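A short write-up of the structure that comes next.
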Amino acid sequence: MAIYVNQETKVVVSGLTGREGRFHALRNRAYGTQVVAGVTPGKGGQDVEGIPVFNSVREAVDETGANTSLVFVPPPFAADACLEAADAGVDLVVCITEGIPARDEAEVYAYLQQTGVEMIGPNCPGVISPGKCNIGIMPAEICKEGSIGLVSRSGTLTYQVVHELTQHGLGQSTCVGIGGDPVIGQYHIDVLRKFEDDPETTAVVMIGEIGGDEEERAAEFIKTMTKPVVGYVAGFEAPAGKKMGHAGAIISGSKGTAAAKAEALEAAGAKVGRNPTEVGQLMANLVQG
Amino acid sequence: MDLLEYQGKQLLGSVGVPTPAGEAAETSDEAEAAATRIGCPVAVKAQVQVGGRGKAGGIKVAQTPAQARAAAEAIIGMDIKGHHVHRVWLEPAADIASEYYASFTLDRSAKKYLGMVSAEGGVEIETVAAESPEKIALVHIDPLLGLRNFHVRRLLFGGGIPKEQHKPMANVLTKLYQAFVELDAELVEVNPLVVTASGEIVALDAKVSLDDNAEYRHKETFTAFHEIFATDPQEKIAKEKGLNYVKLQGNVGIIGNGAGLVMSTLDVVAQAGGKAANFLDVGGGANAELMANALELVSGDPQVKSIFVNIFGGITRGELVAQGIVDALKSVDIRQPIVVRLDGTNAEEGRRILADNPNENLHSSPTMLDAANMAVQLGA
Amino acid sequence: MAIYVNQETKVVVSGLTGREGRFHALRNRAYGTQVVAGVTPGKGGQDVEGIPVFNSVREAVDETGANTSLVFVPPPFAADACLEAADAGVDLVVCITEGIPARDEAEVYAYLQQTGVEMIGPNCPGVISPGKCNIGIMPAEICKEGSIGLVSRSGTLTYQVVHELTQHGLGQSTCVGIGGDPVIGQYHIDVLRKFEDDPETTAVVMIGEIGGDEEERAAEFIKTMTKPVVGYVAGFEAPAGKKMGHAGAIISGSKGTAAAKAEALEAAGAKVGRNPTEVGQLMANLVQG
Amino acid sequence: MDLLEYQGKQLLGSVGVPTPAGEAAETSDEAEAAATRIGCPVAVKAQVQVGGRGKAGGIKVAQTPAQARAAAEAIIGMDIKGHHVHRVWLEPAADIASEYYASFTLDRSAKKYLGMVSAEGGVEIETVAAESPEKIALVHIDPLLGLRNFHVRRLLFGGGIPKEQHKPMANVLTKLYQAFVELDAELVEVNPLVVTASGEIVALDAKVSLDDNAEYRHKETFTAFHEIFATDPQEKIAKEKGLNYVKLQGNVGIIGNGAGLVMSTLDVVAQAGGKAANFLDVGGGANAELMANALELVSGDPQVKSIFVNIFGGITRGELVAQGIVDALKSVDIRQPIVVRLDGTNAEEGRRILADNPNENLHSSPTMLDAANMAVQLGA
């Protein structure tokens, strides 16, 4: 099982012939991920170390049976690549690209919702189900196959926590980097729902950050979960986030501070670590003790 | 990018939202001349990227050009919530009959645009929201559907706008929405949106925030408005070098990769009893040059007593980070002790490079917590 | 049960204060339909013979619990009324209005699909579950409660066939007029699916017309149905339909003629009547014989 | 409304699709003068609302104004598939390097817009579709999302357009789509879309159909183009009176309410051995006046030997229908026998009115089939 990606995942990489796309797609393939196609308009017919390149995602899907899109194209073209992937009928779009305008993201989300396609990101490190499939830029070597689910807005902080877990011998079912942009395909709560339903996941680490009210909304769901959750929130000392004007405060109904978020998680029954090391320790206590 | 009031009004005016004509001034001379041209009474308004100007004394009405000069003299140079007032905006003082509130923004939770209208304008909308939320119409707009007539009707009826104002207000709302979308704004807020004694609708104040990610679509706008803002000199250097840097008040310089990890590093430093001097994210894929630049920038801050480099490699490769540190130590005169913690992609290779280039100021630590403790102690 | 509408249906009428809206809404109420609200912007607070009028559908839904929208507003405003109803959270929109531009219809459909709201029409007579609920302009007095489902593009032709059924003593579970416009919310096949799943429906009458390929697509589904279907297609002698240029012929892959449609229905196992009277007779034979 | 070639090109040209400049002519004199102004060689093209002009001899290339006159003489007055040629269009004969096909339409089944592109232009697209469907790119477009770059790329790559033409073709496709949406078109089809020897892209032919339901949004366009079309005089009267009327070839006049029921009535008349003289739908909510108008119109057709009035009341009320018939019989000189079949809303009242106003030409029948039989026999 695992969530989002597994051994059945067949990836088409938009931007495969670019520097980053090529580097990470080949790394993903080396990990065992089925990277079956690439898309670069005008380069159809070429290949990247044996991975065939197509002019459109539709063509790639038709020819290779790809069911998941991995997007590495630059910001001005990334939204179009996500829309194209959804239109081509993949089940999941993982968008790594950083710097996409929020309007594009909002439009992409609306279209994906309509077509029933799920999205992770944009501006995210990707998703890995250790031992099964790695999509994106996460360093797989720090992961270990196991039963802890992990969801985080941030990339390197995810690595740090995964590292702590692995050092305690705690493997992961799936690690999901959801990204930190204004409109992302999956929020903490969406991923938590999937972990709750995933028979391979026994406990969950949720990593939050200052800003927005997603952690608070996730906390509401954690109250109803049967699986234990260890939380971590970064940003107690961080400079105040970008001001969204008066409108923002009204929408979120949250102060958006790290303290408020940590408090909400604890009130929902999650153990909350003060730093990544403590998160590893708390999870070890939970699972092993 | 948060625009100043008058910049926001200029943009709104360019799509047809009615805004008062006026002039900006940076000196009292300029203000007096502007007041003469505009005609009195004029409003003299501090231009700062923060709310609450009025209460802080940043808005004055002048009956004569001489009064306008005096007002400008009082306002320019003021500090409003930590924002220095560099310029004022002068415009005809409005004869207000009623004040409304109108805004469009992105609701991250709903993943939709959000329009808000209230007949209770002119006061802080948070106050209205807290005391009488039923007086604010909140209407979500699907980004692909766009603003439709039914949304506008819900905003007008729900916000309590009098019926005789529906037609002109609908027109203004449509244009505000158009501005919000076409400018790639994060927020377009007009408060107050006034009806004057003669029945005209005018956007008397405006708060417009533009999406920095959309800068490539609005080069001219960004260029025109960027130069206005005085920035911390170190933040300016950071921006030029592609570093995500924010100055803070402590003495432990921080360099890390990824905003989340850097935020976590600040927290860990605090837990170790220290205080970060800055936030610096070198981002994904940092190379030797970027690392050297980062070290140069942070070490150049006189407040910094020690530096904590916390890298967890993903795209970023440990050997390049190490090489950048070694390069920086050779080319830049760094006096502060540096504690390096390297993990992830090619970390071992990086550690070997550091070990091969010993320097009395360079310390390594295997874990984030130990490194934080060491950096705090060295900076004490 | 029945499909689309039943005793639980609570109707909000957009355009209640207009001549047609008022006439039919009151007729629907007289039949026993729960007509709980009307919407006319600017007339909020008024009432039409006791039915409260609101300024927006959202308000009507919030105040009265309406779950179904009936749209009677003129063509230039009808699409907006449908969008408003979907946005307000009703489950079903029945749009009677004739003459809506196809572009508006296409946009409405796309938004309704995204919001998960079903639509019947536009340019349709409505839907009736005899004895339970009547929404729209169908003359309820010709109907009779029973177990025959009926789906048709056309209004008066529906009345004719219902009349024939009723004269044979064959009552109806639900009669659905889907409308004849380019983009309609429910096609024959959608309605047939619901009849197949409806325990109160034992047999189905499907009335088609020349043009398009909906009848052919419905025939494909009829092959898989467990319930008997009697078909009728009007337009053997009709003047050739409006030309859609070369593009249309390619899309539909159908000649669009009545003969082709009747043939497809017969090939799918449906009995096909040559005229409305024969349809009644065929159904009587099926059910009673 | 199906536009003539040159009308379609005018509309496409107005949104920026490159089209050849030219002139319309209704006489050979006009054609010769136009050819002189345009400069030869010119193409002289029959303007009819039907395809296959070329094969029927409706397009000729003239090397001199005199030849253009001769061509116009030959073409004007031609009958092409039942369409009388009233005018020709003259434009510079193009120097064609390659011919493509491009169209946008609404796909009723998918409930989305459909774009089609093929490098196999200049021939009937049905032929291409039948013989080598892989040479046509079919791309669905969500109406709210609109045409995006990825759609355009799929059309260009899928349609086999050579790479060097992608950029200008993308521009033309974007404008065709814009025209399709903004004009409320049912179809915008350009075949051939040619690349000239000098490398320019030009829409050499155009088939544009506008949505009659959207007439209220395009008053000027509809007004300008409507007057061009010569209509059957009876169809013209019908349109003015709000009756949906189409002339057919039989001798039984038909009046009914609702398109479906009227179509069914035509079929039943045929089954009874007769043949309908027309299709006439009085629509929903027919009143006495409309009924009287309908009877006047149908009885005025010299081919009509008997009239079958088939009404199933819904919105339409039986007593008003009956009253209209009675009124018509009094005011209009109707010589044909009329068979009336009334059912539905207030049918009994209607039948009573008819019984109270006996007329030797007026017959009633309780069922649709019986009525059809009677009308056919009376008209034999």
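Residue numbering begins at 1 within each chain, and the chains themselves are lettered A, B, C and D in the order written.
The criterion applied here is as follows: a residue touches a chain if its C-beta (ideal position, glycine included) is under 8 Å from a C-beta of that chain, and two chains touch if they have at least 3 such contacts.
Quick caveat: nothing in here was measured; it's all calculated off a predicted structure.
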{"item": "Neighbouring chains shared between chain A and chain D, ordered by label", "value": "B, C"}
{"item": "Centroid comparison with chain D (C-alpha atoms), farthest chain", "value": "B"}
{"item": "Distance from the mean Cα position of chain D to that of chain C, given in whole angstrom", "value": "27"}
{"item": "Gap in Å, rounded to a whole number, between the CA centres of chain C and chain A", "value": "44"}
{"item": "Computed distance of Cα centres, chain C from chain B, in Å", "value": "53"}
{"item": "Residues of chain B whose C-beta touches two or more other chains", "value": "142, 144-145"}
{"item": "Contacts with 2+ other chains: residues of chain C", "value": "107, 110-111, 114"}
{"item": "Graph class of chain-chain contacts, one of line, ring, star, complete, other", "value": "complete"}
{"item": "Chain B-facing residues of chain A, complex", "value": "20, 24, 75-76, 98-103, 106-107, 109-111, 114, 125, 137-139, 141-142, 152-160, 163, 180, 182-183, 207, 209-210, 212-214, 217, 234-239, 243-252, 258, 274-277"}
{"item": "Chain B residues touching chain A - in the complex, by the definition given at the top", "value": "2, 51, 103, 105-109, 111-114, 116, 124-126, 129, 136, 142-145, 181, 184, 186-187, 189, 191, 207, 209, 211, 213-214, 216-217, 246, 248, 256-261, 263-264, 266-271, 275-276, 279, 284-285, 312-316, 343-345, 367-369"}
{"item": "Residues of chain C defined as touching chain B within the complex", "value": "41-42, 44, 55-59, 77, 80-81, 83-84, 87, 107, 110-111, 114"}
{"item": "Footprint of chain B on chain D - complex, ascending", "value": "144-145"}
{"item": "Chain A - residues contacting chain C, complex", "value": "110, 113-114"}
